[in-house]
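Order as written gives the chain letters A, B, C and D; numbering starts at 1 within each chain.
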Amino acid sequence: MQRQGEVKVAVLGVSGYAGMELARLLLHHPRLRKSPPLLLGRGEQPVPLTELHPHLAGNNGSASLAIEPFSWDLLKQRGVDLLFLATPHEQSRALAPEALARGLRVIDLSGAWRVENHAHRAVYNFHDNDEARAAEVQACSVYGLPELHRERIRGAKLVANPGCYSTSVILALKPLVAAGWVDVERGIVCDAKSGVSGAGKAPSPTTHFMYAADNLSAYAVFGHRHLGEMLEQLGVGEEHLIFTPHLLPIPRGILSTVYLTLREKKTAADVEACFRSFYTGSPLVRVFGSGGAAATAAGAPGHAHRASTLPQIQYSVRTNYCDVGFRLAQDGRRCIVVSCLDNLLKGAAGQAVENMNLMCGWEEAEGLV
Amino acid sequence: MQRQGEVKVAVLGVSGYAGMELARLLLHHPRLRKSPPLLLGRGEQPVPLTELHPHLAGNNGSASLAIEPFSWDLLKQRGVDLLFLATPHEQSRALAPEALARGLRVIDLSGAWRVENHAHRAVYNFHDNDEARAAEVQACSVYGLPELHRERIRGAKLVANPGCYSTSVILALKPLVAAGWVDVERGIVCDAKSGVSGAGKAPSPTTHFMYAADNLSAYAVFGHRHLGEMLEQLGVGEEHLIFTPHLLPIPRGILSTVYLTLREKKTAADVEACFRSFYTGSPLVRVFGSGGAAATAAGAPGHAHRASTLPQIQYSVRTNYCDVGFRLAQDGRRCIVVSCLDNLLKGAAGQAVENMNLMCGWEEAEGLV
Amino acid sequence: MQRQGEVKVAVLGVSGYAGMELARLLLHHPRLRKSPPLLLGRGEQPVPLTELHPHLAGNNGSASLAIEPFSWDLLKQRGVDLLFLATPHEQSRALAPEALARGLRVIDLSGAWRVENHAHRAVYNFHDNDEARAAEVQACSVYGLPELHRERIRGAKLVANPGCYSTSVILALKPLVAAGWVDVERGIVCDAKSGVSGAGKAPSPTTHFMYAADNLSAYAVFGHRHLGEMLEQLGVGEEHLIFTPHLLPIPRGILSTVYLTLREKKTAADVEACFRSFYTGSPLVRVFGSGGAAATAAGAPGHAHRASTLPQIQYSVRTNYCDVGFRLAQDGRRCIVVSCLDNLLKGAAGQAVENMNLMCGWEEAEGLV
Amino acid sequence: MQRQGEVKVAVLGVSGYAGMELARLLLHHPRLRKSPPLLLGRGEQPVPLTELHPHLAGNNGSASLAIEPFSWDLLKQRGVDLLFLATPHEQSRALAPEALARGLRVIDLSGAWRVENHAHRAVYNFHDNDEARAAEVQACSVYGLPELHRERIRGAKLVANPGCYSTSVILALKPLVAAGWVDVERGIVCDAKSGVSGAGKAPSPTTHFMYAADNLSAYAVFGHRHLGEMLEQLGVGEEHLIFTPHLLPIPRGILSTVYLTLREKKTAADVEACFRSFYTGSPLVRVFGSGGAAATAAGAPGHAHRASTLPQIQYSVRTNYCDVGFRLAQDGRRCIVVSCLDNLLKGAAGQAVENMNLMCGWEEAEGLV
């Protein structure tokens, strides 16, 4: 796939929110101008893209695009190199091995291949027809969080694109955990809040406007599916991390408020330096300062923010950034990290494009804002 | 039913939004303290009220109430005098004649019995098993808008509770139309906007939070079901009145902006006097002044509002008032009337309680705010 | 003030949100029908109530009410017994001693008299002209949380009505803390989320619709004013409790997610029993079960909720209830308590009415739903 | 300004919503990559762009940009060719003549130069120091609606960028009016609804979240400032067009519902053809079909939409499109046109970029989606 600019990509599952955003991003991607993405669905007839998503009409020739019925033959015929799976995890679990066997590279947006631990995988209730093959596939998959696994993603055959909540929690915690600064024994509390698009497109009592509007509710307490990913990527035991998601009355965005205790007393400057150092070279994380200037760690002189500003959902929504900021108590040990991202972009489709960029040898942030 | 304070009421269809509001109002109604309403559903087992509607827990002994399976025997056994039907129009069409035959008085919240004209009724696609009986029932039903039919409602056996949009449009127009002031030939435009609860409780693509939030859409253009009621009650032909509903990204409330031309030049004081005169004796309509004070027509000295104020959704939502205000162009002929109400209260359950009050010989506004 | 039904109350500060709700509740209060509340403001001229709050027009004769200019003479002339201060804390700090000296009983909705500890009071920056008198007043004030201080409130001269966040956090924690079950050393995390009315009526950049809508932001991290109240009422040190408020894009409601560790392993039934026992006799707290039925502790058989339900903002908003529910981790020690209330009702004006009821010897929940 | 790629632009007034969007668009504009826009404010000190607008951090080197204090010398020193005025109309009225005198081309986003008629201009209350010069400037200004004045804009020195409401109403009506099909004597009703960003960034009682959320209100009835523009561009008298704006509880977007009567009976196909013909060559208007496929008039085969779809705010918000659709009554004469756009994009900043593109000889839609 090193023929620069000649990559052919396909997306299966354009009807959902993540698939829709992925289609939108790929239709505008500068490296795919010559060869637009092949859009695929499980229906038996082609459906005009703009019938399903009227707001996409007019975007870079999308008018003439249709969502075509998926088949392996079609993929072969169109010369697809890279397949995005924006499918439910059961389907992704079945399709990915087949795609790899056919020589395709795969970016899977579901939870199918994200966790190694059997207990964590249990929440997905898989029934693999070929368990040995599944184990083999699992072993070669890479968790698609560029800030942690950039190098392995470049060469990966199968990238398991992270969950939206997981991305926000892992990016909030990993720098301090990796530095060995967190007193894990005292427990980490992750109180997360997400917009309704995270609940998917299927109409249900809890996605009804009358339920979600003017409301806030906690759900999946002590039992959310994304917990396994967080534990594995952070190297922390279940007894040490609590994750509580809440449903916000907004369309998009996640804010995670993460509470932890440092082993030793630190200054705000120490903590800020730890974050900046970890995210050096990561163009899509913006570190907010604590009393000083904020910057993306990627480049000097960085992006200045008001000293008093913590990340808010409005700053990162509809962008591909994960914003990270923090406050330290006067004791220098109790620390609150706040991270924000758009659940459909850095939390799903945008991160999938990042992974594509890495796999194709392009700039990590190409085609993303 | 003149045994004051001894009326027994039942509600069929408590699970929907209108039924839920009706249950809430009846549970607090001062005349029903000794004998709480019988709550009924179509299920086979009783369901605790607060399982379905947790927010109702604790309201006046509601804790111990259940929604019981509907049967005619149960109604008889509990001595029910008055039955509210908060059921789909097909069910109401079938149930009302039976209830009347069993000696019950009925307030039907559906559209089943609201219109006389065959063409208007056609939108409901009825299949009456006994057409003669249906015609007879229709003939004895009263359109339950107290401001127009107060006296007939008092003695009615079957009250057809008006639609939410219809209430807002008819109350905006009737005083000027009844005075013969409106140049109907020039056309009347009713541009109405409603919150999502008007679309009902069933999850669907258009009640999904992601569809309704941050959005506005027109629907049922030139073809909304409530049009027939409006035409019949106003005595205006279809060629003279346009009604366009829009879906607002809010839970509750309707605002209708009504455009008309007066036959002759009038002053704002003339128009205001026309409204006040018409609504004298109507405690649940608040007339807003045009440059002067507003008042409920019911009583002096009335409710003062700022001269510059037109009705807004926030003023009437969660109340049983219909607010009516207007502006007159400098030509003294073009007039814009704005009316607002809560679609679940004055537009549904609250108006049903008004009708009950009238039928039972109580104060029209009793148990309502 | 035992002359039942003859109490005369006054409210100073009707223009703000809490004052507006208080006016609304008092206008409907069954014990105040003969003698409506005296509504007061700091202006020099009377202002019709409905000019400021059009939605209140028509409520129980409110049409003819005006907000009158405050003066001690007017209070005396009208025979006021009980004065509600819905004023900024600086004003309350000055007015309460004067009111007490004049023989009035006072319910103050501000933070002026809530905390004893000097450090906690420092956040309010008081400048008392008569420090000795202020200390004396402070000493005789009662923290107006009926669930904790019911008896003392009955006889109090000055009630310091609790903060909205404080009420939600204290009611979530007090039963377990009072039982000695909480391992305070491991730290308690209170992650709270509030609607915009909590930020007050003054237009500002952060109450602008464009800032608050579709957004979520943490604020006052490690430094919110209500922290002192929580610590004093819970008897916990600052080093053991973290409180983080967030601004929700909704008008009303608070949800607090409280994380704690129990000293010893407990079952969900143990924890539920602890809550129910503590709230026996408290009609305005609803305890949600964990796998079983929920009930207000006040009465058998209680209000049944679905086993799977935790409190949500939609259940308690526009009521005077504080809902409390919880989940226990499989280890039987990590516990998450979720509490919800309406910040303007149980969090402000409604609780003030509760306190009035107690002070006047009436039922605690009279005039409240 | 034909030196392709070497144009230097400046924006005065970056702090407001339109200025913010303009900055965002210009920072991403492909023709301005070598020479980023000069951002200007009225303060005395430079302010980092991202301090004011944290969400813009990281966009194309914006991190190092500051909003610099405006001066004519600075404009000269930086070699500015084209000045965007995102200033209040009084300031624009004073600044534009000066800018023209200094040889700059100007795109003014305010209402200062949009209307010729004295009566229409009166609503702005100008006090021109040099009235003769003002009249001269007015005479050479072009109303910046590309769909009507594309050719004149290309050569213009001063472009008066249209109002947001005006754009939505004019684009809904012009094709039918220009064809002479509209029976103007029967009156045209424009019922428009806009998100809160249209009300500007200054905090005020009506932009407070508590006022706007869950609400809808009509305002400026018979007296909105944009009316003059509409009348002049449509060539219709004030007695024939009513325009009523409403404030929607959403951040962005306008939907206008326009009611008119055709002189003669037409079919839906006739009307659709009229729209398509008028917008041929206009890449940023999407015509929605009435029972058939929709398309941008710019290109075949167009963008297909579902037959039943009318424009909704969600389809055009955050794009630069104006969507136009319609419904015809069975009488073939009464017609409802619905148009939607994003008030900050096609209604303000995006249209300003369109005008820049035309003035610079670039593709009309360059840098816009």
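Here, a residue touches a chain if its C-beta (ideal position, glycine included) is under 8 Å from a C-beta of that chain, and two chains touch if they have at least 3 such contacts.
Model, not experiment: these values are computed from the prediction.
Novice: What's the overlap between the neighbours of subunit A and those of subunit C?
Specialist: Under the touch definition, subunit A and subunit C have B, D as mutual neighbours.
Novice: So which chain is farthest from subunit D, going by the mean of the CA atoms in each chain?
Specialist: C
Novice: Going by the touch criterion at the top, tell me which pair is linked by more C-beta contacts: A-B or A-D.
Specialist: A-D
Novice: Taking each chain's centre as the mean position of its Cα atoms, how many Å separate subunit B from subunit D?
Specialist: 40
Novice: Nearest whole angstrom, what separates the Cα centre of subunit A from the Cα centre of subunit D?
Specialist: Chain centroid spacing, subunit A to subunit D, equals 36 Å.
Novice: For subunit A and subunit B, what's the span in angstrom between their mean Cα positions?
Specialist: 47
Novice: Could you pull out the residues of subunit A that touch at least 2 other chains?
Specialist: Subunit A, residues with two or more chain partners: 211, 214, 249-251, 312, 314, 317.
Novice: Contact residues on subunit B for subunit D in the complex?
Specialist: 186-187, 189, 191, 193, 211, 214-219, 221-222, 239, 242, 244, 246, 248-253, 255, 257, 259, 261, 310, 312-314, 317, 327, 329-331, 334, 336, 338
Novice: Within the complex, which stretch of subunit B touches subunit C?
Specialist: Checking each residue of subunit B against subunit C gives 28, 48, 50-51, 54-55, 57-59, 62-64, 214, 283, 286, 294-296, 299, 301-306, 309, 312, 314-319, 321, 369.
Novice: Could you pull out which subunit A residues touch subunit B in their complex?
Specialist: Residue positions touching the partner: 17, 196-197, 201, 203-205, 207-214, 249-251.
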